[in-house]
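The same subunit A turns up in both complexes below, where it pairs with subunit B and then with subunit C.
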Partner chain A sequence: MQAAKQRSWNRRLEAKQKRIEKMKGITSNRIIPTHQIVEALETLIMPGDRVVLEGNNQKQASFLSAALAQADPKKLFNLHMIMSSISRPEHLDLFENGIADKVDFSYAGPQSLRMAQMLEDGKLAMGEIHTYVELYGRLFIDLIPSVALVAADKADSAGNLYTGPNTEETPTLVEAAGFSSGIVIAQVNELVDELPRVDIPGSWIDFVVVADQPYQLEPLFTRDPRHITDIQILQAMMVIRGIYGKHGVKSLNHGIGYNTAAIELLLPTYGESLGLKGKICKHWALNPHPTLIPAIESGWVESVHCFGGEVGMEKYVAARRDIFFTGHDGSLRSNRTLCQLAGQYAVDLFVGSSLQIDEAGNSSTVTRGRLAGFGGAPNMGHDPGGRRHSSQAWLDMMTDTNPLARGRKLVVQVVETFQNGNKPVFVESLDAVGAKKDIGLETAPVMIYGNDVTHIVTEEGIAYLYKTDSMEERRQAIAAIAGVTPIGLKHDVKKTEKLRREGLIALPEDLEIRRTDAKRSLLAAKNVEELVEWSEGLYEPPAKFRSW
Partner chain B sequence: MQAAKQRSWNRRLEAKQKRIEKMKGITSNRIIPTHQIVEALETLIMPGDRVVLEGNNQKQASFLSAALAQADPKKLFNLHMIMSSISRPEHLDLFENGIADKVDFSYAGPQSLRMAQMLEDGKLAMGEIHTYVELYGRLFIDLIPSVALVAADKADSAGNLYTGPNTEETPTLVEAAGFSSGIVIAQVNELVDELPRVDIPGSWIDFVVVADQPYQLEPLFTRDPRHITDIQILQAMMVIRGIYGKHGVKSLNHGIGYNTAAIELLLPTYGESLGLKGKICKHWALNPHPTLIPAIESGWVESVHCFGGEVGMEKYVAARRDIFFTGHDGSLRSNRTLCQLAGQYAVDLFVGSSLQIDEAGNSSTVTRGRLAGFGGAPNMGHDPGGRRHSSQAWLDMMTDTNPLARGRKLVVQVVETFQNGNKPVFVESLDAVGAKKDIGLETAPVMIYGNDVTHIVTEEGIAYLYKTDSMEERRQAIAAIAGVTPIGLKHDVKKTEKLRREGLIALPEDLEIRRTDAKRSLLAAKNVEELVEWSEGLYEPPAKFRSW
Partner chain C sequence: MKLAFLFPGQGSQKVSMLHSLPDHSAVGEVLQEASDVIGENIYNLDTAEALTSTVSVQLSLLIASVAVSKAFEAEGVRPDFVAGHSVGAFGAAVTCGAMDFADALKIVKLRGVLMEQAFPSGYGMGVISGLDAKSVCDMVEAIFSEENPVYSSNINAADQITISGSIPGINKVLDQASQGGARTAELLNVSVPSHCPLLNSVGDSLYDKLAHINIRSPVVLYASNRKARLIRNSEQIREDLAFNVSHPVRWYEISSLLCEYGTRLLIEMPSGNVLTNLNKKTLPGARSVSVDENGFENCFFLAKRFCS
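On to the complex of A and B.
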């Protein structure tokens, strides 16, 4: 007992104070001169540190990541990087340059090819792949950061931050480092005397640096309606009638994709014709999708809580304060952690898409040679075992008369039976199984597990998997809508009638949908210009989406 | 399209501004005079409003709840209350007095008897019962609050709040109302010129009122080691050796209870003798339990993230900054939302207890005539379907060779076969089934579902349920450790040997534990005074725990 008593219990704080002391040569306050950022990082970070680098879905701490990649690997090495998104080339340069050697992450979309190659070449040590919120959770348990590098719009001289529409994950990363004697460094687009509002208090921030250019921000959730196909419209009609309408789905999440954009754009037309307004799609956990504008303007939507912002939607959001979460300044307050929590527990339905689905309904977006990670989908695309409240749609999934039976979340996969390039979506075995072996993962990187999926929708029809009683019945229902893929070809078409009669599958005609009605003319907006019109000019699309 | 265009999109904001305008008769700034709080609430709240009232596990907005209960029911009625915890008599007086008529909540421990009676008498309309984080999630989706009534330690004149060790759920409630044009009113213990740190920015807060006395705060997580029994020590030895040690559990959550207090107090003695230090119990999601002090002082614990604070632990926490999350001022930063998120996704094990368990392992704390709700247990006590990262303990639960097999969370129930009063814990049917009918709930209020439970520990032994292949085998394993309860008596003792051989159950002797060794002398601290000694006098127990 005596020996233990002599240890210091404030080692992290003492280390922090020492590093801050050394900063006196660079700055006398909390503002780091822009041109001295590399030197500052070499002073504030130590070899072996756990560094959380903000790379959201959209907003990137791009000035800080570029600066870190320029550090001298003789001074900074063995860093353990924690990044929710590996999006920029320099995120991987850190490993090529010998500055970092280990990574824990969630999503590596844009860098998935290089990432897989570097892993194979032994150029980086893999920690684990997570969903966003899983990774955030670990920041408070066993991945407590030594340093957080984050991005904000504006700061004042006291270090208070304005993150506005793109608040995203910034408060969570700052809380993890700032309250564990870690060092928090924020890049900002500008220093101002007065902030529109405070998103993160200055007492949580150690240093601020004005970036040489605004942080990188991608309009990831903008889908131009021009690219929506008739097949996507057919599927959207099936979803609206055969799932949202049938079960009375009032709260939901939509992700990125033309499939879900088509659904959003059919609510004011096809949805209206079915008399579903006010009965479905009232409460949303999703980013401010431009394709949701017509549904909002037509009075379908009561509320939208956002993971992040969307470039061009700022004025529209500020003018629709009853719908969106905004600060007293009128601009959006997004929050990735809280929106994922809401998307997991408080909404009734998740809809996603996939590159591959096996005969049991397991799905994956891994393809050989690419390691894309998970992002947020698995967090929302499963039946949350800790949910206890009920709703109409949730109860509608209850097929059991056991006195302890409960409802479940609707987890919907919408796919066409073949991807671009004529690759079948329905496959005997997921590429994820091969990736597990190639990369040496402990488990195969499955995005959504089959036992969580309640519905699969293809251009052939809907499989109501929640109604199936056995794995065999489940396989049959999936095969019946899998077209001429290897899985679909296994299907005994004689069983189709029985599956339809029992309501385990529905073809478009069973839903009173004529394939010939599935036309682009049904879309409430057929292009970006019409979205702008619906918004009364408030939506300001980025240049690359403007064609007029 | 034209009609929709004419609607106002800022109705909530306009309503808020009107109410704030009316406050000019009461205050010219954001500080409400203490004696005018009832009048202020009658001005700021309108009939039919959704009011979220802070009642954490520990901290209660007691001044505001008492004031609201004094409102004139001719002015304020039909309120829809949202309360994570229904703890104080006036929480239910609101319904008796005709001010509120509907409630959504998580936990009603201290008021569970009256709550059930009022429901039966039709004096309140039940919304839904949630876990804490489920309820928080709904605040951003379909239970967006009109008004939030919260509690903080200190405010400055700009409305910035210091919530310190008892931050708990305050930031989440404030974010939900403050960013949806709701009205946020904070009671504080004192107004100061300078805060130790800012926990919640003033721009999120509308009004502050200095309470007539400090908010209610209960030392809920303090367990006096004097009350720990030899049976609890025996069970704790089994848990340490047969679960934590066997599976290498490094990160975990403990709740309230003498069972888990016993485990904490055996780490530096029995755990040390097994050579487990550094191999188990390094990272914790739990409140600052006084009974964890000896394990911390002996170097077992690397980190603790807290849901809330604990009365008397302030100085100890401030002196152990490497272990706890603290602000630059040295005091704890708790956060119920983030700690629940971490407890769900980032820790490997949850351990709980229960009043009833059925033959399939489903458990409930509902007893006839009492409606206690769920609190946080179901959120942590289930296998999170959205988890994708692996760890030693998680992988150890994998019993399947399927290429898509994954690990799972360890969910442990520790119970004695009989409760106080000689009521069997293992029962044929849970009282929750009756409660479902009595109260008219849509589903039975099950705390932890059997299919999530990996281990049950009784004074008889451990059932390793994760290893069972069928419901029949599961029932046998549970019955084998259920003693002479109705479930235990069904057990064919001839099967016991087979279950032991196959590792489906373990008796103390199988774990090399002698029942006669399970003595209080093994506890690292036998009373509160010894906890204070271990803490070098830093722990300052509340008066009711002092006996010296």
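On to the complex of A and C.
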């Protein structure tokens, strides 16, 4: 049978070829001259295009975003931007200048106030707020990009890219556009004859441009041990003994707070004294945190897979190839998408922190009047229903004898009962509920849902929520460790003994932890200098963390 | 790296503030122009006695801040953003090119006179530290009465909120705030309940006057006090200059927004360092300095280094 009408099945490809044809006036090969980048973007991008712009919380395609913001809004308009992180001023200038009008994103922390204002002022139309994995997933389903703007360290003349330690999300964005007849443009810090290794093959890349300055890179995961407090050390002791040790947690992810930095720095000291080495914390989905150096050097850690790199950790990682994923050149290979998936499915435990927790254990980092999004925490901070492999810690979460019973991921929230400025963390109602109304969201922006949380740790003790078998019991366990917050004040202290007996909560003394022992002297490194010493001089902290 | 100039409002004045400005020809020219426009010797404005009048306070702040911003300009340092707190908005408007200095002097003088006349006694402002805006708003709404009106007004930092209204109403809120967990709650030494609806008529009169003033689209973005937006629209600037007197100054949002726009150095014009101290707490990622505390030369050096 002949089709009634001839149709082309290569329209996307034909459109791409037409655009590339028009580039002849600018370049005869795949290298765009630096000073002609705005003109090139105006040629390669069309109004209404879906443009994915690389910008996560560390690495930014800053040269390309700045160039796009300089485009003529008469030539480029109605762009639909897809960005995992809205971090730089020009990301929102795109909307202010009338170049883009719609955005799908996952995190906007560094632009959260302006983002909320522009929504309120009708200056941008919001698609959806995602977690990282969701947004990456949609790039292959219903947000397939027409153009990808990405950043790499080096390229050769064939367009092969070296992304080095900061590979992050580049391969994912390139794949989504490159294999759907989209156009891929990479900014690089330099053009070289020979790459240290090929992270992305040149056949996936259409154009390369040498940036006038290296891409923006933030040392986001460096925590100076100097700022760790005694309370954080007490909480870290409780986590190590009352959670990691109790359940035998071997694989895990940590957030970027000082409380998790404290845990990392107590493994070689307090953890060692409990005889837990080799029994916990062996496999990590984690960026190369400098505060993990003492645990690595003491032989606690077997493997670390990274979302991204960390400024200053390059030489240390290259010298510890048994621990980190590295290329044949020796430098780290990170991959945000794969590490997020690993953190979702393959680790036993996630630890995070929060600004607010309600009486049912739902938590949120929303501040009224700002729109920060989610990032990756919800990917790792939930029990993935698709998990089928078992482990000691996962099985330890089973609480009934149902023949179909299965284990659970450990999702731990570590918070102090009050934030800075006297704001209670445990509250009657999350600000996320108000934000839903203010911003007009379909659902309240909850970071971690209460029914996913297995443990909450405060300076008062641990609530073992996975053991509770009713909402009432869950509320009681949370209230019992909520201090003098509005939720804690509702707690009837007479019930404390019963909760302790039943193992629904544990106070430090129940874990044989003396509050007076929780001192900074327990930290394996008390400052950045000592981290450098542990690393045998391989860790090279950025200037802002050097005080010597 | 972007640079912002900040222009302080009332509370930042100091005796002899106009006598102790940096020695620069641009400063001298501004002081001379001010004397010519106002028709009196401006060196009489900053005595202890003169500064008991809000008219002298507001004029002194405008003159001092514009004088120093002109000195920076003469040395080739121009800000990317300007933000003023309350009457500071006029210095900001002059510096970003939206308004002539002579016009600003006339309007600010009128603003002072109208404010002084509006509430001769029994009204004022208080400041609460250690509670957030919502907690203070809730308290204020519960205590407000027609007889003793009180409003929450400026949001200076996440946990520093001012209230404005009748003295009995203010005292009730301060008492309750103290009991409700505030770090400090105290009456301010001002006699005008600024930045609340009690000054609506002052705002209206200023708008009538400003309607006849030439306001231009600025060369750099101007931070609107009322809306906490960075704006370029001359009509919106006109409205902000008129009505900020009767609306809360959303300084906390303004300073956060400056940072989101890429500001990494904030220089506060004379006098004082009130805004700098607020910013140091709110904006740990940026450098905040004041000409009064750090000196003109040092601020100039930082600006050259940060923003070249």
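In this text, the second predicted complex is superposed on the first by the 543 of 548 C-alpha atoms of A that agree within 3 Å, B and C clash if a C-alpha of one lies under 4 Å from a C-alpha of the other, contacts with A are read in each partner's own complex, and residues count from 1 in each chain.
The criterion applied here is as follows: a contact is a pair of C-beta atoms (placed from the backbone, for glycine too) under 8 Å apart; a residue touches a chain by one contact, two chains touch by 3 or more.
Keep in mind the model is a prediction, meaning the values are calculated, not measured.
Shared-chain residue A:K494: touches no atom of subunit B or subunit C. Once the two complexes are laid over each other on the shared chain, residue contacts for A:K24 go to neither subunit B nor subunit C.
When the two complexes are overlaid on their common chain A, residue A:K423 makes contact with subunit C while staying clear of subunit B.
When both complexes are overlaid on chain A, the residue A:K436 reaches subunit B alone and has no touch with subunit C.
Annotation for subunit A, partner touching more residues between subunit B and subunit C: B. Of the two partner chains placed by superposition, only subunit C is touched by A:L113; subunit B is not. Only residues 88-89, 110-114, 117, 121, 368-369, 421-423 of subunit A touch subunit C when the two sit together in their complex. On the subunit C side of its complex with subunit A, the touching residues are 2, 130-132, 134, 158-159, 181, 183, 228-229, 253, 256-257, 260-262. Put simply, subunit B touches subunit A in their complex at residues 1, 4-5, 7-13, 104, 128-131, 133-138, 140-142, 144, 160, 172, 175, 178-181, 197-204, 250-251, 282-283, 285, 297-299, 303, 305, 319-323, 325-328, 333, 335, 337-339, 341-347, 362, 374, 378-390, 395, 403-407, 429-430, 432-433, 436, 442-446, 449, 452, 536.
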